[in-house]
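Going by the order they are written in, the chains are A, B, C and D; count residues from 1 in each one.
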Amino acid sequence: MQEGTGKMNDDVNIEVLLDHYRSPRNYGSVENPTAQITEHNPLCGDTVHFSLKIENGKILDIKFVGQGCSISQGAASILTELVKGKTVGEAKAIREEDFLKILGIRLGPNREKCALLSLNALKKCII
Amino acid sequence: MQEGTGKMNDDVNIEVLLDHYRSPRNYGSVENPTAQITEHNPLCGDTVHFSLKIENGKILDIKFVGQGCSISQGAASILTELVKGKTVGEAKAIREEDFLKILGIRLGPNREKCALLSLNALKKCII
Amino acid sequence: MRVNPEKLKKDFPIFSNNPDLVYLDNAATTQKPSSVIHAVSDYYSTVNSNVHRGVYKISEAATEMYEGSRKKVSEFIGARDPSEIVFLRNTTEAINLLSYTLGRRLKKGDEILLTEMEHHSNLIPWYFLRDAGIVIRFARIKDDFTLDYDDFQNKLNAKTAIASFTETSNVLGSINDVRNLSSMCRDNGTISIVDGAQSVPHMPVDVSKIACDYLAFSGHKMLAPAGIGVLYGRKELLDEMHPFLGGGEMIGEVGYNNATWADVPWKFEAGTQNVEGAVGLSAAIDYLKAIGMDSIRSHERSMIEHIFEVMNSVEDLRQFGPLDSDKRGGVFSFNIGDVKPFDILNQAATKFAISHSIHPHDVAAFLDRSNIAVRSGHHCAMPLMGRIGVSSTARVSPYIYNDAAELDLFFDELSKCRKELGR
Amino acid sequence: MRVNPEKLKKDFPIFSNNPDLVYLDNAATTQKPSSVIHAVSDYYSTVNSNVHRGVYKISEAATEMYEGSRKKVSEFIGARDPSEIVFLRNTTEAINLLSYTLGRRLKKGDEILLTEMEHHSNLIPWYFLRDAGIVIRFARIKDDFTLDYDDFQNKLNAKTAIASFTETSNVLGSINDVRNLSSMCRDNGTISIVDGAQSVPHMPVDVSKIACDYLAFSGHKMLAPAGIGVLYGRKELLDEMHPFLGGGEMIGEVGYNNATWADVPWKFEAGTQNVEGAVGLSAAIDYLKAIGMDSIRSHERSMIEHIFEVMNSVEDLRQFGPLDSDKRGGVFSFNIGDVKPFDILNQAATKFAISHSIHPHDVAAFLDRSNIAVRSGHHCAMPLMGRIGVSSTARVSPYIYNDAAELDLFFDELSKCRKELGR
């Protein structure tokens, strides 16, 4: 019961995430996006909006705006860096487990929803 | 938990009830009844049918037919003896507690329903 | 593994507190082993909290337990994914959920096919739809108390939107071939619903093999607490259904003028969840799996075969159920003499008709003197009572903690009852 | 009697197992005292069985406990008769029962009056009726977070068939004068429904004084197990209602073509009852009555007054609820900075808007490091979140085992959180 559940300081990567939260990368909106999506987490109202420019199956640009907790917003920022320049196929292939591993922080089932909000939004948007 | 619950032999009166069950009094149907009712116990399908001849507010005759367990049928027989000759007002005044006391056997809440079937039927019928 | 009732019995505190208790009413509800009782009280004593929405340790832990139980249930019945498992109160609620939500889409003249051996919980929810002009039909049972599959097939027609049938009858013990029935439904484009209340606790049940659309069952009949039950549904079907109860947890977004729903299964779990119930159910499944569902089925088969062997020692005994133990669960309904339905004309004419029978209530009360707990009544299957020509029956339904010696004791007392109360 | 949290805490095993736990999420669910935990496990270990239909000792005993619990509940809330108490799963199910059954009688254009501060469980069930052309209206809340009674009165009109309102808001802590509201309803010929989920556990609630038509509440928010809740309804009204769930126990007689219903309250209790839940609820009521509901109300009043005294020590704190402790339960919702609803245009323009606020989830996660359990999110009241101009809040809701020292610890940690996470 004491393990694996939201102890924010237990993990080295929490600082990386918090840095993304405080200074989000790729924040804003792509002009003339070819795809965009707004997604909410009903748990708490965490919101992310992604706008993308995709050409020939490649993600040329991706930006986000959003509002919510450090985990949802930090994860969104990290995700933009991760998929920018990748193909749509590569982005779609990122599994939930993979992304959680990349974030590298241990989360309980409830906070996981925050962390996975942006990945799920992105996947819905690039179907 | 061990008390008051259907130990058929604990009570002296059980023999009286069983006698009524085996040799029911007033069994049959009154001819040209002025009131009659059929009532079921949904617990088990116990059924009683009462037919009555009431004149000037007095129960001149009452008979029953029925089918069911010893308690429901014995109680019906006892009830006919109890109210025959009484006024409707007197019959209506018999409370559940009173009738259970007259039966004189200890019953749990589930078997009580069997014992009270006939009293409830009679009351509905002479409203 | 062979079921060892004597050993298992030690796991159930009720039997140490009532050493003489011969509990033979397991079709109504089962007793609880210590592991289940402790799972529930440990939950209260360590992580009790609201699931899904708490950003703190005990809530995360409770959520893991709750969703872990869902996963365990899904594996137990062979579902493809935990999201196909909806936690509800019991079988009754599950079938009502279906009648209310699927019922929304039906139109006047559509038919629902049931069988003559259904429990009220698989009758009344459908009867409600009659107000909307839905027609309810019943597949007949045969004289040997098995389902008439031809009649079922014949009554499936272009209008049959839904068929709902029990896997094991709680009165007759008849085991229906629900795989066959579901396949007939599929071929006919009819939704198939299996009432698993009396099968899931007693034998291996695998929805991937049955290939039904829905399956409902209750925790309290399989060693778990009351208040927790399960609706399995194929994900594609659950996805497109309207929600049933509205409230907390089942929503996506809500404004004053609009609302969207959460994904399944949460869409169907409005209000604060019975987490301790799910935790108890998980412990119950662990207990049952350790024994093995195949072993449990074998044990109950041996119980009913033992009953078949000794039942004729009781004079005037009538039993109601298939005599082929391949098609028969452990349930044994019987009467002493003919306990006919009430018929006022007949009754008045034949003077007093009880003489050749003992009412099942009197049978049960007599057995209770020896601490043998059996059920008596209509078993929430009144129409079936009429069908088999009785007003009610007594019923014995053994489980893993019952053995042949207990059945022998039961039959001994039953013979005494026949002598003392019969005429 | 004064509530002695330190002493009471010893009755709750979760606190001996988690000595540092500061549990402040009681509006979500409460912890369970040993007396409740033991009532449940003793039930399993002594008389566990099916109620109402068993003609054997343990079933009679279980029935007495189940119906005894009903009697206790009826006295606890001042009902005239136990038959006015229906056992259900929780508040959510109770309100859905009403929306489904009362909804049958409504016609297009009929209105239902709610308030802006309702929980999803008192919104969505009514929203479902919009499909049938029913109009939902909302009595407004004022800037001081109290209900606007004039607006409620104004919105009651000839078409208002039903009004459903909470006694205490689970977000704002506002206590509504439900006696007044019910009287307005009665004068208007409108059915009144009180959501007592947040009041019955926290203060004396007496339906004979409120004179409402219905009251709903949940066991798990008042020390009892999950899976048991209560609908109180005036007998005359319950009598004439259509049943909700169909199944075992709720019937009178059933044939293949027809069915009649049992008397209330059993008409509404389809399926195997959660007897252990009722037994646990009974033990919980005993525990609460021994303290006294007046004392509990006083304790919570002192808690919220203490909060008012110290809350300003935290920079940028915004609180959402009436500042008059006469009109305020123990619930305390707050944010650090402005946690505005998401607005994409605004968001992109202001570059990055989180700078002046800390998201409630981060607040809760921070507090969790010190084992302080608080809720964060929309509290199943999304529309209200919009109304008070936030996307979500953090919430503290003390109960009988919480004291001022715990609140002080909470505020200390909150100040640290403000420093560490704020910018």
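Here, a contact is a pair of C-beta atoms (placed from the backbone, for glycine too) under 8 Å apart; a residue touches a chain by one contact, two chains touch by 3 or more.
Every value quoted in this text rests on a predicted model; they were computed, and no experiment measured them.
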{"item": "Chain located farthest away, centre of chain A as origin (C-alpha)", "value": "B"}
{"item": "Intercentroid distance (Cα basis), chain B paired with chain A, Å", "value": "74"}
{"item": "Gap in Å, rounded to a whole number, between the CA centres of chain D and chain C", "value": "32"}
{"item": "Averaged-CA centre spacing for the pair chain C and chain A, given as whole angstrom", "value": "45"}
{"item": "Of all residues in chain C, the ones touching two or more other chains", "value": "46-47, 53-59, 251, 253, 361, 365, 368, 376-377, 382"}
{"item": "For chain A, residues that touch 2 or more chains besides their own", "value": "6, 40, 43-44, 111"}
{"item": "Contacting chain pairs - touch in the sense defined above", "value": "A-C, A-D, B-C, B-D, C-D"}
{"item": "Residues of chain A defined as touching chain C within the complex", "value": "1-2, 5-6, 40, 42-44, 108-111"}
{"item": "Complex contacts: residues of chain D adjacent to chain A", "value": "340-342, 344, 347-348, 351-354, 359-362, 365-366, 368-369, 376-378, 382, 385, 391-392, 421, 423"}
{"item": "Chain C contact footprint on chain B (complex, rising order)", "value": "6-9, 21-22, 24, 27-29, 38, 40, 43-47, 49, 65-73, 111, 114"}
{"item": "Chain B contact footprint on chain D (complex, rising order)", "value": "46-47, 52-61, 63-64, 67, 251-253, 262"}
{"item": "Chain D partner contacts - residues on chain C that touch it in the complex", "value": "13-14, 17-18, 21, 25, 28-29, 31-32, 36-37, 40-41, 44-50, 53-59, 89-93, 95-96, 99-100, 116, 119-121, 123-125, 127-128, 136, 138, 218, 220-221, 225-228, 243-251, 253-256, 258-259, 270-277, 361, 364-365, 367-368, 371-377, 380, 382-383, 386"}
